[in-house]
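The structure appears below as structure tokens.
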Amino acid sequence: MLTLLFDGVAYGMLLFILSIGLAVTLGLMNFINLAHGAFAMAGGYTTVLLMQHAGLPFLLCVPLAFVFTALLGAVMEATLYRRMYNKPHLDQVLFSIGLTFMAVAGVDYFVGSTQQLVQLPEFLKGRTELWDGALGMGHYRLAIIAVCVVLTLELQLLLVRTRFGSQLRAAVDNQRVAAGLGIDVNKVFLLTFAVGSGLAGLGGALGAEVLGLDPIFPFKFMIYFLIVVAVGGTSGLTGPLLAALLLGIADVAGEYYIPKLGAFIVYSLMIVILLWRPQGLFSRGGK
Amino acid sequence: MNRSALSLSLAAKPRWWEFALWAFLLSLPLLLPTHALLISEITVIALFAMSLDLILGYSGILSLGHAAFFGMGAYSAALFAKHINPDPLLGLAVATSVTALLGAICSLGILRGSDLTRLMVTLGVALILQELANKLDFITGGADGLQGVVMGPVLGQFEFDLMGQTAAWYTLSTTLAVFLLLRQVVVSPFGFSLQAIRDNALRAQAIGIPVYARLIAAYTLAAALAGMAGGLQAQTTGFASLDVFGFDRSADVLLMLVIGGTGWLWGGIVGAVVFKSLHSIISAWTPQYWTFWLGLFLVLLMLVGRARLIRPWTWGRRA
Amino acid sequence: MSADIVLSCEGLVKRFGGITATDKVSLQLLRGARHALIGPNGAGKTTLINLFTGVLPPTAGSIRLLGKDISHLSPHQRVQRGLVRTFQINQLFDGLTPLQTLAMTVSQHLGMGATALRPLGHDPRVAKRCENLLSQFHLLEVMDHPTQQLAYGKRRLLEMAIAMACEPSVLLLDEPVAGVPAGEREELLHTVAALPADVSVLLIEHDMDLVFSFAKSMTVMVNGAVLTEGRPAEMAADARVREVYLGHGGKHG
């Protein structure tokens, strides 16, 4: 059971890194970006393609995935997303679904539809058993947890200790007033979107081995990201973090104990939570 | 009659072109007898899209899971025909009623919360139903679908023929009946209260409108009509498969309605025709990458502004 | 006499976390009242309105309308009993025309709001009432224009017309002339002054001209609590009231 908990935590941390960009985008720009999963996929494929064709080591490809996806996000924000900020949610939903369709079809065309396999470096393979096997920790999952914890702490520091962080929090709270204070809201949006997409790409790269990677990745996992955001709320890091951990553990436990019911647990739990607290489990009320 | 009375009664009257369009639609099975099955298919989808218009266009509820009701209707109708009675109208009534019940229950989930919450709840319900249909394979046939649904004759007289003539008339007349019903509903006080809720739920409440009660009623009706569409689908094609619950279906119908225009009742019909035509044309060129072109179309449409697409004569009227 | 009290609250308290927005407020509105509620920004006037209308649940205290306790009723139920408000920022239905808006509201209050199979306006009483309201509020010319396209002054008039279409016994007006350009204020002030005598009105306002020309009695609120109440002339002379407004008894914002 401890192993399950461990796996659930690893999955949850990964989901958090994958979803936090979506949460901030929604909280900051009030934009429902269903293409977020496509950015994650972009990170995964960048890693795989760099490893396969350029022969770069895995540990180098992961940060490169972040950089590439962040750049991609920045370009898309400045050219396309920016025009959609004041449009109704329905338009944003359809716009981002359209982008996802294009990304999925594009990847299918250029790379093919088979599952991509990631060759992990040797030291990340393997497993450590504690307490007579009561807790089995895959080394890769351990690494994922470690990386994600570090990233989370960095994000927290960024938000709380840096100037950019306070500008971001101000803009999330009240965009008009923030602009009136001289905060360059456009720049905040651009950087936030870029970092958020970059994190999604990073998550996609890290997660390729654990979650699988194929062109329909966005469709498979978008709902998980949305659950994290809907349940966790968009005002801060703690909400999505707790929601992601809850989701990760529930999913892993559900798969193990009641495999026949699989996805039910997750979807039903989400619906129940949203019925009980429509603003999200942890949010301080909001949109 | 004072000016107000005159204006109100004029607004409620159907326009001449609505009669003309319906006359044209009803004549299609005669004009294009070899395409009867296609006509039938498009009509069913148009009905599905019209039902979505009631909650999206008129009540302002974003749903990514309307296929939950389509699917429920399809499987109910198929199972009823297979195990109890193959009469089409009876089966349709059953499918519609069962789905109405489901809709009433689900409506409780969309009353509160933001757009995102509603998207998630509706999506979640559709996914759960899809999973259920998958797992209860001893009833539903699971991933293989429910096959071999043989229908009896409509009204005891009109057998379903291979050419699809009966199917086309059946679906067209049912859809016309629903259209006439909805036409009454959307110009009624109830219909206007839905639009008020869509535009400003806070004020609607502040003028004495019981917002939750109205939304529950609207959502239940929309679900029932989506179930009717699903039932028609199962009856005219002879089978039901898991994709009736799929996200694809919910997204497609949403897109169709947006193309045709929300909030004027014809959007579902126009959108279904345009969407299906585009699909046929583009799939003929690039069968594999239809989703790419669809995606591109969506992105461009949303960037340009969806209101401008299909109804140039309203450019002056509604913003 | 208690029979003349149409709306009252007793020891009403509203706390948001650590903030007390409404501090043991007790207030009584008499039948036919023209009562003003004034106070500096943040005094809790709009919060009080939200408590009366049921949009906010009270932390403590009770509210009575026409002698009956309504504290547990939902907002739309209170409206159905005759308690109606207007909003400081126009809350209109942009997708409808003024005629449609009023017709729908009138239908709701004639008990036909849930009618789904007859068109709006099939009952001649609806059109008659709409014609009266449109005329009274100078909206006849724009009755078929989409609300979204109306000028601000007309929108403000529509805001009031909607409230009157609800056939209120008690009307809560939240800064009715706020943001209305000087040229259009007269029209609006006239209409407020011409309200039927049997409708009891509670008016929140910053415009002292309006308060003094309209109100027969006043309540002054500061920091969520009632400071004092009485007739306008008394209030104007009260040193505490003048202090609260920093020595200027004049117009705000």
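Just a few scattered comments:
To keep things simple, chains are lettered A, B and C as they appear, and every chain counts its residues starting from 1.
We adopt the following convention: a contact is a pair of C-beta atoms (placed from the backbone, for glycine too) under 8 Å apart; a residue touches a chain by one contact, two chains touch by 3 or more.
Note that the structure is a prediction, hence the values are computed from the model and not measured.
Closest to the protein's overall CA centre, chain by chain, comes B. Taking the mean of C-alpha positions as each chain's centre, the chain lying farthest from the centre of chain B is C. Between the Cα centres of chain A and chain C there is a gap of 47 Å. Centre-to-centre spacing of chain A and chain B amounts to 34 Å, using the average Cα coordinate of each chain. Distance between chain centres (mean CA atoms), chain B to chain C: 41 Å. Considering their complex, residues 56, 62, 64, 108-109, 112-117, 119-121, 123-125, 127-128, 131-132, 135, 247, 251, 254-255, 258, 288-289, 291-292, 294-299, 301-303, 306 of chain B touch chain A.
Residues 26, 32, 80, 83-84, 87, 89-95, 97-106, 108-109, 219, 223, 226-227, 229-230, 260-264, 267-268, 270-271, 274-275, 278-279, 286-287 of chain A are the ones touching chain B in the complex. Touching chain B in their complex are the following residues of chain C: 53, 55, 75-76, 79-80, 84-85, 87, 91-96, 99-101, 103-105, 107-109, 112-121, 124, 126-128, 130-131, 134, 140, 143-144, 146, 148-149, 162-163, 165-166.
Residues 1-5, 7-9, 11-12, 184-185, 187-193, 195-196, 198-200, 202-211, 213-214, 217, 263, 317-319 of chain B are the ones touching chain C in the complex.
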